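Pasting in a structure now, in structure tokens, and then I'll have a few things to ask.
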């Protein structure tokens, strides 16, 4: 059986490469994965999965930072023009782009959920001939957007696993749920809006993974650790405009307040109890060089190895914002102007699943190397899935697979070796069969 | 004759109020004054002025910061939808929105040029009921744009002066040129692109004015002084993106470089030789809170009471930009990434014209008060007109008229008393008749 | 008579050079001018002036920033070792180093007061061979202190004028008061503490001057303008110390609060109504690199062309200090921790005295050039003398004399051409005789 | 035997308390531990230890940041006045305040070295009645200096161990070296200058410890981990002075350059590979509020969990210093003006010694709790001793003991429970006897 699964996964490699490049060519930001999600849905359905989308599996009130209606419409139009599957588009209105494919075997057995994420990033992809997607002709067609975190590969593996399961359907027991999640980047509710609908409440096992992480050949890390708690903030400073030549002294520059706050927040002391992060990622202010800017907008995030450390960072951020506003006589109305737009928690994999992963991997012998764990040093809203499943008595796992990265995640030259696609699909296939 | 002019101007007040409110309702930014300019042109033509627009009077290579083609097209579409005069739109392609109306009397006499500016600002107009335009129903229909510097009044006065001249045509000698200029805000070439085409090369006299300036009732300041030399910069910092959680140490934050540069530039020492200004008016950087931003864009400007002081400010700006880039390991390619997008010079009115203005104003006795001069503490590209006319042997004047301002220039509550419209038209009318 | 005065002044040039170099060699800071003042006093007395020092002419409660007792004692010891005149030292205890020499002619006539300042600055004097005092062997012997503002020359001229008056005593009328003032630098009460004692209450005329100002040969500026209002602040931030390696997050860095405040204060907007200044001149914080600093001390000053502008600067400073403290969770107890240690006002010379100065200077024809006025762009507590005399019905004047400066004031290479000493003495001598 | 040692240690508690309070009352900074070290030396000698001091055991060229000669002399005078032992003072000239006491048993056995550190910190000790040393009358008599890191306790324990060894001398084998080290704070060469002289080259075992660390009752942490690599910098910015009122534009403010550098260095990105630190601990600049400061001095330090991370921090610091200097047109001559004054490395205890410590502690049962390890999150030059001994084939250990701290290390309220003194002495005593 194991051998058959591995062979089948290998045979599906061409299909997965095809999907990966298709998804890569049409990257879509959080909550606008219309083309990607509709393509996933139609394929799941054609493979015999019970396919749920939109309102069936997503709670709108937990979706954060959804673009305004006209923007969603524009993106939907683009998706249509780029080959989205129309029957599904309507059901994804309002950015509800999640897809869940369910395979009920009819035989008694565990409920196993696997999560794949589908969203891309606002990065201009390199068009250098050194960059494989550019050279091979599948560079992003949506200029300014890019799959530079590997979610194109994740979704392609999801398609491969679906196909694999149909090919070994008779050997399966229990229920398998393939969850294709939007909006993982920036922890904006892609996970929680699905969890809220009870999708994983009955899961005995929950699996997910990330490819990339380290610049190594296909190396399996049986457990991903180091998920950081995180909080995102949207901040507005409000000052007072004035003519910068005629009467600058009447102005209250929101731009300067934001710059001073940025410098100070970046300098929050390191915490001795563990890792922390601060990142001011967006700064927009002003309309013309001769007007003292009366508005400034910041997007920033804090992280902490523990919730306590992240809370320390949050307190510092709030106080610095107040102080900077005072310095420049501006307002920063902490409620509701400072919106905490996203948060993630920490979580840990169940040791039994980690051990099982290692055992299977050693048996398969398809990875270049097998390591116990790797620390991500980042945040993932998959931790909410883990928390829910573990609270309900199930077990959860997150593993990682290195894939000869050409550049780090979120870089314009990010690329991975497609050779890991079938390897991860094979590993997941065998795990599904082995889990009781 | 003088009495007749004053009476005629008074009769034209309703017309000027009408135009002022129309222009106010449809504000347009620099190089996109399609609706305004085409309305000016058709009216000039119908009043019998030889009317020149677009390429006839504008040199494209001196037009700075012109929006990209698709943006111009969008604005043109909007202008059409808002009642622009179609025959003229085509001739204004590429943002060439200047209009010159020429009245040749056929009788020997001086060439007199008068300049009016037409552009609005990127400011959200107040909708408070205390704000007269909001209360009276002529608040900006172009949300985010506003006539908050009084150019709507300037253009309306231009229309009034044109009408006045037609009514006293038989009394006139020589040639009168009414110049309606785009893109005065930010000194982006609105003046120089017209000067280059020789429009004022034959002018014996050149006149212009600004309404507003001081919170006083209709007070004439016979001379505007204190024009500051100025330079505008567009600056791009280029760093390196990275995941702000997973490997922040690999990033080079262009956002932080721009913030540090902003703090330092704002702190350039005052110059003991006279007034200076520094204004960072626009700061845009970053795409998401979890990506170290690899790009940052700043728009800023320096000013100086003399060219030397402005040069000092420029040198400081250049050095600070280099230093900030070094601090954060970013690039700020000073050529061509730092674009000096606009410059203005200093200039002084000819005393004879100042004296004549005072003499006439005292005779008319229509202003609440008459003062010698007011200092603007700002920059004006009209100084280029003054320089050209004076170099060619002509004389130039700039005066100001206070108008019960409700708020300072460039403020969302800016408004002026419309009562000054006919008074300024009357003053200009009498000056035209008196100049030899 | 005029000729005689000029000749006598010329003959006194050697004496004034001698005094200038002696004072230069032994520079003394504010309130510790023990050696200088005692040498002035003994010479005045020996020339027959009624000589008042210490408590007779100084009000202690208006003396700001006086060093602590043990520091005063140290300076007094040094003065003794460097040849101070002992009989006077005792009378100058507590830093009361002012000296007033009074010449009562017994004949009816005006009361004329002339003020000279005596204090030096905390600057390390250059020992370059290009530096005249270094080359000629009269460089500062008090390492770290330097006469780099020309007060050595002022005091030497005072000695010269005293000598001149004794030589023309029979021609004099009325009363002449030569006032040698301590603590001019930093406006710490050197002037007001003397004024308070009524020293100039009966003055019909009050004169003073500054040498230097512009890099020109001996040029007389008949009026000094541009005195700026100013306020000095001593500021303490109080945070919380912590081990910077073991638990930095527990620290509240007063050093960072002070650095952020410094950056923001330096960037206070220019005021459109006239010149302003901000200067953070002293920053002291911290004891060791491995301790988060819990204290930071700043010395700073604001200036304004008018009291209103200086008040604007003060308000900004106060608000920024509060904001910076908030940002870093520190205290900056604005009362009494922020001490306003000094203030000066603006003032203007009486036109009659300016005109008289010009008239005499043209007649004497000893200056290389004569100009109407020069703007100082700085602050002077002499303005308090002017205010008092003018309030009491007298007239006041401040003029300046360029002196081929080798470097700007307050620079380690500051030096002036000694040739102006006798010229200024001659001008003052003739003025005394001419004033009615 | 074990029992006897514990009992003896308990009996020595009064002596150790006496020494602790004596050392606490007379704190001395790095390289000036004249009183402390001479008292240690005379006591070691009187107890029969071969006692080496000064040049015998210290290499001058590795001593960093030694105060200038006149400062050393002042401190030596104070030490004399406060009861230093004269015969030793002379041998400690130049700040060579290390002491080594050697006990040669004459019997074959291992060479065991134990290190104690003696220096205090520049902190003003609290005089609150809540502060035990203040209440009990042994608050620092050297105002501004304080034993706020527990080295007074370390040295007292050293005295106790010496006394203990003399009392069990007959049971001892091999050689025991008690090393009393100066200048541990700020890693200025206190360790390396002794190592260089070969003092521990023959050590089979090297032991040391720190008391405090955590706010717990007497808890033994059998291993101290988390030593951070560190580098200290002394930095000088050199600008150009100018009068801040008259011609600020001619100044180049070293103060502003240092403030901008401070803000930027504090904001160096966290490193994803492990802990890092940055601390600007000292900032001194300027002499008067009316002079643009031409000098600024910073003392700062970086730390890293690994040498690589610390190297990253160093590179950032160097680049930021250059950039800040450029911004303000100042010099920061990186060689030799930026002096790297101290560095420490990372190191790990030998597991056998950790295990032995745990075993003995469990047997003694005198601690309130026993834990495996505690992370220090700081730097220690003891790591150089560890490195040397381990390179030479010996084994090294560092453990920690919590002691009911009243406040964190380096705080003005720092204090520990003296009850741990005899417990640590007992533990060390038993270890000495057990080590083979």
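Couple of notes before you dig in:
Letters A, B, C and D mark the chains in the order given here, with residues in each chain numbered from 1 onward.
Here is the rule we go by: a residue touches a chain if its C-beta (ideal position, glycine included) is under 8 Å from a C-beta of that chain, and two chains touch if they have at least 3 such contacts.
Since we're looking at a predicted model, the values are computed, not measured.
Relative orientation of chain A and chain D, expressed as the C-alpha superposition rotation angle, is 180° to the nearest 5. Two chain pairs are in question, A-B and B-C; the one with more C-beta pairs in contact is A-B. For the pair chain B and chain C, the distance between mean C-alpha positions equals 47 Å. The distance from the centre of chain B to the centre of chain D, with each centre set as the mean of the Cα atoms, comes to 67 Å. Each of residues 245-248, 256, 260, 263-264, 266-267, 270, 272, 277, 292, 377 in chain D touches at least two other chains.
Residues 263-264, 266-267, 270, 272, 275-278, 377 of chain D touch chain A in their complex.
Chain B meets chain D in the complex at residues 245-249, 251, 253, 256, 260-261, 263-264, 267, 269-273, 292, 312, 319-320, 322-329. Residues 121-123, 149, 185-186, 213, 228, 230, 232-233, 241-248, 250, 255-256, 258-260, 262-263, 266, 277, 279-293, 296, 299-301, 303, 376-379, 408-412 of chain A are the ones touching chain B in the complex.
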